Structure formats: C-alpha cells, structure tokens
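Order of writing sets the chain letters: A, B, C and D. Residues in each chain are counted from 1.
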Amino acid sequence: MNLHEYQAKELFRAAGMAVNPGEVADDPPGARAVAERYGGRVVVKAQVHSGGRGKAGGVRLASTAAEAEQHAAAILGMEIRGLAVERVLVSPTEDIATEAYVGVLVDREAQCPVIMVSAEGGVDIEEVAATNPEAIHKLPVDPRYGIMPHQAWTLATRLHGDAGLARQAARIISQLYDAFVGNGASMAEINPLISTAAGEVKAIDAKVSIDDNELFRRPAIAGMRDPASESAADAKARAAGLSFVKLEGSVGCCVNGAGLAMATMDLVKYYGGEPANFLDIGGSSNPDKVVAALEIITADRGVKVILFNIFGGITRCDDVARGILEAVERMDMGVPLVIRLTGTNEELAREMLADAGMAAVTSMDDVVREAVRLAGGDHVDLR
Amino acid sequence: MNLHEYQAKELFRAAGMAVNPGEVADDPPGARAVAERYGGRVVVKAQVHSGGRGKAGGVRLASTAAEAEQHAAAILGMEIRGLAVERVLVSPTEDIATEAYVGVLVDREAQCPVIMVSAEGGVDIEEVAATNPEAIHKLPVDPRYGIMPHQAWTLATRLHGDAGLARQAARIISQLYDAFVGNGASMAEINPLISTAAGEVKAIDAKVSIDDNELFRRPAIAGMRDPASESAADAKARAAGLSFVKLEGSVGCCVNGAGLAMATMDLVKYYGGEPANFLDIGGSSNPDKVVAALEIITADRGVKVILFNIFGGITRCDDVARGILEAVERMDMGVPLVIRLTGTNEELAREMLADAGMAAVTSMDDVVREAVRLAGGDHVDLR
Amino acid sequence: MSIFVDETTRVIVQGITGRDGSFHTRQMMAYGTQVVAGVTPGKGGRSFDGPDGTAVPVFDTVADAVAETGANASVVYVPPAFAAGAIMEAADSEVAFIVCVTEGVPVLDMTRAHALARDRGSRVLGPNCPGIICPGRTNLGIIPGRIVTPGPVGLISRSGTLTYEAVHHLTRDGLGQTACVGIGGDPLVGTSFTDCLAAFAADSDTEAVVMIGEIGGTAEQEAADWVGANLDIPVVGFIAGRTAPPGTRMGHAGAIISGSSGTAAEKTRAFEDNGIKVAKRPVEISALVAAALGR
Amino acid sequence: MSIFVDETTRVIVQGITGRDGSFHTRQMMAYGTQVVAGVTPGKGGRSFDGPDGTAVPVFDTVADAVAETGANASVVYVPPAFAAGAIMEAADSEVAFIVCVTEGVPVLDMTRAHALARDRGSRVLGPNCPGIICPGRTNLGIIPGRIVTPGPVGLISRSGTLTYEAVHHLTRDGLGQTACVGIGGDPLVGTSFTDCLAAFAADSDTEAVVMIGEIGGTAEQEAADWVGANLDIPVVGFIAGRTAPPGTRMGHAGAIISGSSGTAAEKTRAFEDNGIKVAKRPVEISALVAAALGR
C-alpha cells in the first residue's frame, strides 16, 4: 500500500526525523490559510500516488498566500496519470544548498533490507541507477543487528564532506531505517534529502510503501488508505482477497495462481488477443471469490469474453464451478464464458457445469484460442 | 536505579501488558478516594525500594474504603528497612487461582538476557533457587533475535497446562522481555504473575531496575527517581560521579578504582578496623571530585579518620593532592587524614602536600595500619 | 534419487490441525510421506487421524516433536501472522529442511526467519511455495501427487499451478520426474533456483531440468549463468509474465518489473545465452525436454 | 612471549582525538606500541601528534584505517554512549583484537556488541578494563608502563588499580611479567579469566599466573575449576571485597553479591580447592609467587 507524501512524513516525524514542515489542505482557502501561517513563501504539492508530479504541474512555488491559493485551486482540479488530486500539501520553501537521495528496500539476493544513498538527489533515482550506477552507494543491513552507527555514518560521508552535515545525515539514515522496519514498509525513500544554506539537513519529500502483508497488525497504517486512490474494481478485489490488475484488452481472465495467470495472459497475447486483466483467485478459493471475480470482470465494458483457466491443486474445481453457476444465476454476464478446468475434483465440476448446460475443456491452449476467437481478435496460430 | 512498583507497572502497561490496575496516593484520604473508585475491596501497598514489604506490614487488604484509609494511614507512617514510606499503591483485589514468577536479567556467562519462570510464584525467588532450583526454568535470549514466539510459548507451558492461560502467559513473557530491553533495564520481574478464577493472567506485582548507564538517554525514566529513596550522601555522590556505599565503621575511605577500594576496606578490617564506606573516586578524577568525596565522608559523624589510597594510573596524583588541599582550605575536616599516593605524578603531588605541611606514604599496608590506629581500632598485626 | 528429501525423510506438520494443514497432511500421507508428528501449540497430546486408520501424535512444540520422533523436516501451514515464527521454531529445533506453504507472510518477518535458518544451518523452501514432490518417494507440500510420475526430469518453478501445468504435460508425455520443486513466489525465498540446480546436478538420476521463472528480480538470470558455467545436462526454460506491464505487481509479491530489470525479455535472453531452450507456451516445455533427451 | 598481542600488533585508537584517547595514545606510543592509525568520525584526514615528533594518521572510519594501515587491533576510548558502537565498528571491520577502556557502557548495548564480535571472530577485552600490557613489547590500554617489567609471571585481574598494586609489588620483588591483563569490571566482558588462563597455558614463557578476582558472579569459580583441570603451572589468587555487604554494588557493575552466590568466601574456597594459593593482602601476592617459583 502506497502512502501519500504527507502520511509518510508523519511516520518520519514520529521516528524523530528532521522533516520539512507542512499541512494538508483539501480546498484552496485551506491552502491559503496554511500558506499564511508559513509566511506566504510556500510550495504546494499534489498528494497523489504517482511519480512525475512536478512535470505534470502538480508541484508549484508560491510567493504569497494568495498565490498559494491560486496554485491549490489549479492543482486540486488536476488529474495526474489518471488520478484525481484531492489534497495538497503546503510547506514552507527551503533554502536548498544540496540535494541527496536516501532509500530503503528489501533486497532479494541479500535477503535483507538495503539502504541506498546518492549525492545525486532530487532526480529520478532509477535514471541515476541506469546512467550512473556508481553514484549510488548500497548497504545491506543485517536484520539481526539493524543499522549500526558506523554504517549510517559511512553512508552519510558519501553524501557530505562536512562532518556536521554528515552527522545529521547519519541520524536521518538511521531514523529512516528504523521507520522502515518499525512500520512494516517495503520501500521508504527521501528524495531529496536536502541540506540548507544554514547547514541543516532535512527531508523535503517522502515516499513510503507498506507491505500489504503487514497491514493486519498495523491498523493505524491500514487506516491511512486513501479510498480515492484506488478504483472500484481494485477495492472490490482487495476486499474479496483477489489479486487483480486492470489492463486494456478484451479477454477477461480468471485464473488460479499468479504464475499460471501471467502465463495465461501471455498465451492470450500469443494467439493474437489482448488480456483485459490479470486476476488470480488464489489458493483455497471458495465460490464467493469466483462470484466477486466475475462481478469485477463483467463490470469492465471492454471485456468481450471471459476465460477461466483453473488447474486444481489446493483449489478445488467444484468450488470454482459452484461460483460460476452462482454468478450465472445472479447476473447477466452479457459476454460468453469459456472454461478450462483440470485437477482436483475435476469430474465433479464438469458434471455440475453439464447439468447447467455448460462445458469445460481440459487444455489451456484450446481454451485460450477459443477465447481469443470469441473476442474477435486475430487468431493467428503461430505454429 | 530501582523503580517503584507503580512506576514499573506503568512501563509494563505501556508495553501492552495485562496488569492489575492501581493508583498511587500520598495521604490516607487519597487512598480512600482510590479505594472507593475500586469498590472498597483493595490492597494497599507501601511504595519503597525494599523487599519484604509484606512481612513488615507494608501490604494490607481492605474490605472497605474506610479500612483502606486506615491502612494507608498506618503504612504511610512506617519505615521499612530504614526507608520512610511516602506513597501507597491502592489496587483492587484479585481472585487469585495460581501464582507464578517471571523475571528477566542479564546473565554474565551467557552474555545475554535470561528469562526465568517458575510456577512457584508469590514467594522469594532466591529461596526457590536455593531450595528447589529445578522449579525455575531459564531461557537465554539471543539479543540478535529477541524473544521468539515459540520460546515464550515454551516457557509459558511451564507455568500453565491450560492452553488459554499459557497463551496469555506467553504474551506477557514477550512483553516483559520487550519492556526489559526497551527501557534499558538490568532486571524486570513479575512476582506473582497470577491467573484468576475467571481465567485471566495478569501481573499484580512488578519490580524493575534500570541500568544506571542507560539513564543519560532515557530522561523520562531518569525523572522517575524518587529523591526520598536515597540519602543526601548518596545523592551528592551520584551528582559528583562517585561510587559510594555507606557502611557502619569509623575509617572513611577514599580510593581510586573499585577493586582497590574493596581491597582497602578488606585491609582495614584485616588490621582490626571497620570501614565507614566504600568510595571510588573513579578514573579521570579532577580536584572537584576529591572535594565532594571529602564533604561526603566528613558529613558522616561516625568517621574518626580519613584514609586516602591512590594508585595513580589514569588518575593523576597531583589532581588528588590538589583536591585534598582545596578541601582542607575550605572546610574543617575535624578528623585526621592519612594519605597514600603512588603512581602518575606522584612526586609533584608529594611536593604540593609537603608545601602545605602534609605528608603521604607509599605503602598501602602502612597507611591502612596508621588509619586503623588513629581510629582507635585494635591494631592487630597478624603477621 | 531425489533432492533435499526422500522416502526416509521424517516429516512434521506445523499447523496440522488447521484447515489446510489437516487436508494436505492426509494427502501427503496418502502419497507415502512419513509424517511422524504434528505441532499445534495448545493441542499437544492429541492425535491426528491420517488416512486408512493411521494416527499422528500432536505436540505443543517442535522441540518436543523432534525429541520424540526424530523428525528432520517440517511443512508449515500456519497463518501468515505466525508463519515466520513457525519457521524460526523449526530452525531453532534443528529441523534441517523446512517447507513453508503459507502465502502472505510479511517480508520483514522473513528477513529474520531466513537469518535464523542460516545461523542454524536449516534449509527453508518458500514461503508461499507449493513445496517439493519426489515422485514415488515423498511429498512435502501441496503439489498434487497424481500429476507426477518417476523419471529423469528435475523441475524448478517459482509458481504453483504453472508448475502443475508443466508437470502435467511431462507426465502425459512419459517424461517422469526426479523431483518437482516450487521455490515460491515471494521476494525472499530460502531456496533459490541455483540451490536446486546444484542439487539436481549432484543427482545422477536427473538427466534434464525444467526451470519455470517469471518476471521480477534477477534470480533466473543468476540461475542461467550458473547453468552456463556448471551444468552439463540440458535445461529447458519458461518465463511467465511477458505481457505484464512494468511497475505492476502480478499477484506474486515477486512478480513486479521495476525499471529495466526483471523483464521477461531480459530473462529469456539470459536463458538463451546460456544454452537453455525457452518454451513460448507451457505446452511446448515437454516437447523441448523430449528433444533434449533424444526421445 | 606474550598473549593475544605482541610487538608486531598494529593498533588503531578509536577516539584518538579525545581527552583520554590522546593522552593514552601518547603513553602507549612512548612504551613502544605500534599505533598505526586513529579514528575519529569527522576528523578523517588530520594527523595526530605522537611523542618525539611522530605523527599518526586519523581516519573517519575503522574500515578506512584498516584498509590503509593493515591494523589488527584497536583500543576504544570513546564515551559510553558510543563505545558499543565503536566495538561493533571494529568487529565489523575485521579487527581481531579490541580493547574497550570505556567505563559505563550500557549492558544491553554490550549484549549486541559481544554477539557481533562473536559473529565476526573478534576478541573483545573489556569494556571497563585497563587493557593489556606485555612488558617490553606493547601496551594496549592504560596500565602504566613503568610499573611492569618483563619476566615469567602472567597476571589477570578484573580491576585496574588493584592490578597496579599487585604488579608494583611483583616488579619491585624482581618478578617480571609476560603479560598483565585487566579483563574489566563489568557484568559482560568479552574475555574471561579462563580465556586468559588458556592463553597463558599456551605461552611457554609464563611460569606462574596471578589471578585477582573480586566479589560477584562465578567467573573466578569457573576459572579455578579450569586451573584445577588443565593448568600445570602455579597460580596465586586474591579476592577483593571480603568485607562488602551482600546486595550492594561496589563501584564495578560486576561487584555485587546476590544471594548466596559470588561471595569472597565461596571464591576463596574454589581457589583453594583447585590448588590456588590465596593471598590475604595484596602485598602477599608477590611472596606467594616467589615461593611458588622457588625463588
């Protein structure tokens, strides 16, 4: 789950970190009031889960409170990468001397959190990684010890030659790590970490993603979820425990298992179709999940056919069949349904479907080809 | 630094632990008011840093608020092992089914915290250790991992055969460990950890000692120090950074280094005298420490002679001499001073003292014998 | 032969009394797995009913179960909140091989659990994995026993059902398996492709390996390099997620392409550069294996 | 010979620019210790003035200092709040022998620092210890060089000035030392009496050992048992704190008698039971050593 900048900053402040102040407003007068408190010279920033806010015009400097109000009005009307801006963060401007990058994420190979710092901050770090990788310094942190003072210090010396600035940066690096671990994050980032002309080091932007698997034990953070930041389909999928990603094609996919679901999408494309979604109904599926999945898929007006690909292992085919039959009874699909079922309780499932006048094939290739044909895609057999 | 029961319980509650409720009162009407809130049936407990409160009459059950007031009046007038009782903790009585013991301290051999549990709670655990050691179960905790769930559970099954009670006890054991580490404790104890007839597990007594070396970074805990719990001499020694323990003899000792200070006390006793104190002026001594040490020692009316035993290493003999001379100038010792100085800057120190008409010997045995003689002790040369 | 485990492996099931745990314990036992004990805190002393009138003793702790039964492997089916703790308990009790089926385990929990397993010398398979099946010998996890058959092919995969899909074709085409291993779809898994490849390399019965990867990370690329440098038997590969858009997580916490790294194209190239034949569709895997084995 | 360190040991000083660090660095260098680098975060690139016009380079980190100078030992003089971190930095930089002089280090900090040192294979002496001096060879810590002289006696002690007292008499009586080690007065010290005894046992030049203990804990008892079981050369002991009342901490965090354990009587008995002659006064130590050596 992604947090907004202002939420991430709250977590950082709770960790004791030096963070640029700021208050959230959801209307232009509110933004003006905040700007007045900060003396007028402020930056107004769109709070959306998207990179590139600056380029999209979602970050604007104001010299007066009135100007801040105008900027807020402009930004609050925007959509950035499809996301409506509902809040702005109003912060006093800082007198920036240097900009650095500090981030933490879990590294697959090292099997532990890795801290990354770069003196090239304030820019897209993935671009730095691609064009100038040696400008990024990485430190794997042993989870048994956490970050040790000398490690934070060593990283900080990569950012600042001045000992006073490096000491402040070391403190912030340690605090970022502690906030990362303490809040169950999968990513925590300060970009940029600035030093001011007056010699202060502080975070002026903040980005945090929380590991979804941590939310059950962190109700306060789970409560930070912004309903506006997810589509109705995403919210419904999350509530039903489905993994769902909306795509732009016409073949609605309903599969058990993430790997098989991806392979199914690939096969749709292979046969000249376009998948409308990734959807994994998961392991111990029950009929309700199948119904929810069908509701989500059929709500997508671009879908011209629905494809089930189920290889029953822990998933029982009869559960899936039951869900399909329930859904068919309850709602009008409006589009054809093609089904592949094999594995656990396959025969039972096949009988249930037959009783309702439906059929299921056993081959993944067959069902995908049929789905692509029904979707009107160019069915090209590449063999 | 020892905490009072009510302070320890505050730390435990902050760790989320199930703790018997309670409020502190410093006068009988206050105790009555608390007892009324709890419905009258309460226990009134003296808040002093001493074991054996129960035997001393410092823990009393009341059936009514009026009785609680009487008990509070009696207890608030008491001295327990020389400590005046200035506060009582008033708590509702519990319907106790079982009493267990849970404690954490740092083990020297294992070099890590050790959790101890015993189903024989509510009694002196040192007595259990002496008479029935196999009733105490110990678990060293790897500081790199902290307490793991299965460890807490395994210990809890030593206390309760019932799974529901064991689960509660496991949670409390984990919380106790986390409170121990999180507050920089050197000891944390629940005795007894009770289960109630209704099947609840909770702490009804609590004891915590904080590592003095942790206090500099824990101002909130340092602020829990009860001025009434330490003598003027102890407070002054602490402020001056001296290690000081008051004893009952007549030879005031001022030594550098804990080992040498203990050996000096032993030698005083060996030669038939009685040390009036343990006092270690520490390593990098400065003259002010010496002055403070002399102020503390001379304030003890039982002292008949003051013995300096200094082996200069990191301690400079001239610093000590300077302190002695300052103290002599500022105050009337009232008792003779015998001095042994050797080591770093010994010659300089000796000259300084000579200029002031004072002398110092070089042998520890000589100076101790002389001190014992001056204190009027039976000087028996055992050689 | 098989890898990591075989018919002599003595298995405990952590979470044996739970919904998934009890179902799959019976499946494993029916397959022939030596399930010697179950562990459910608070249910020690009971007995679990296996298939055909068999019974498995249930213990309160893994330590007790190991002490009583000499178990040397464990399969973890406990809920996500307790899964890392269960792995740590098994490692702390010197269980040598630990399969964690549980999906949704917090990643930071796993950093600690994997560290302890390393400290204790235990191998963890998973989490979020279907386990390992050694056809005709033993089954630790949830891979359906009836889709496999003994033979010369080793199979390694990040995912569950896609594994079944591939194995299904192999078995149908008469290409049996020495072992099928699902290493798990999470970012931090205890046993890597490379670990499995090394084990298959040491197994004289394994004549070819199938490696089923997916987008995200660099595990497949490293495994491919290892194959190129060390493995003499043929390897057939497949990568799922060629059509996944970058930056989006596809179910598996691992299946996310970030920036330029972890794409299917990149992995396919790494496979091909190291002599691994890459199937475009799951159904092609079996044919490529047959060709590689000269059948 | 000496134990743990010798004249070839290349030493860094952590906290070299501090009050104690700078003073004792000059003392150590004057004694002949090879101080090859200093470390003070934020003062890297400077130079520290040793005695007689010598200069020692100062680095920002131990890793830099080790990389530049090949140091293999460190002496830590940093304040208590940073001492455990300094030990961890040294261990993490593969410094093999680390002396921590600092007094007042939080005990829980040391549980982590000792764990890391064990993980990295570093030996820690202390904290809250005077260090080690190998007469005529090297001096790591704060033991005054002029009170020692080379010879056949090994000395181990928990305390500083009491060590000086004992060594002073030995030296005066012509009983020189192979090494004098102060293991430190804190509850958790990295090097025990037994570790030192084993090192002295392996040193052919050491003909007798003096062991100066104090009340609290059971380290002396264990060391005595080790002596009884393993050591062929004579050992003379002394225990400080015979008159200390139970339950009271005597300066050293270690010096507290709890319940029936750690009393001077108990330790004296353990010494005597294992053939260790116990001096009643510090001044007697030297005579007992002379007698044991037949001088």
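By definition in this document, a residue touches a chain if its C-beta (ideal position, glycine included) is under 8 Å from a C-beta of that chain, and two chains touch if they have at least 3 such contacts.
For clarity, every value in this text was computed on a predicted model and none was experimentally measured.
Path length between chain B and chain D in the chain contact graph, taken as the least number of steps between touching chains: 1. Contacts with chain A and chain D are shared by B.
Contact tally for B-C versus A-C: the pair with more C-beta pairs in contact is A-C. Averaged Cα coordinates give chain C a centre that lies 51 Å from the centre of chain D. Computed centre separation for the pair chain B/chain C is 55 angstrom, with centres defined by C-alpha atoms. With centres set at the average Cα position, the gap from chain A to chain C is 28 Å. Looking at chain B, one finds that residues 144-145 touch two or more other chains. In chain C, the residues touching two or more other chains are 112, 115.
Arrangement of the chains shown, judged by which pairs touch: an irregular graph that fits none of the line, ring, star or complete shapes. You'll find the chains touch as A-B, A-C, A-D, B-C, B-D. Touching chain C in their complex are the following residues of chain A: 106, 108-109, 111-113, 126, 129-130, 142-144, 181, 184, 186, 211, 213-214, 216-217, 243, 245, 247, 255-263, 265-270, 275, 278, 280, 282-284, 311-315, 342-344, 363-365, 382.
Within the complex formed with chain D, the residues of chain A that make contact are 145, 148-151, 153-154, 157, 163-164, 166-167.
Of all the residues in chain D, the ones that touch chain A in their complex are 41-43, 60-63, 82, 85-86, 88-89, 92, 112, 115-116. Across the interface of their complex, chain A is touched by residues 144-145 of chain B. By the touch criterion given at the top, residues 19-20, 24, 80-81, 103-108, 110-112, 114-115, 130, 142-144, 147, 157-165, 168, 185, 187-188, 212, 214-215, 217-219, 222, 238, 240-245, 248-255, 258-260, 280-283 of chain D touch chain B in their complex.
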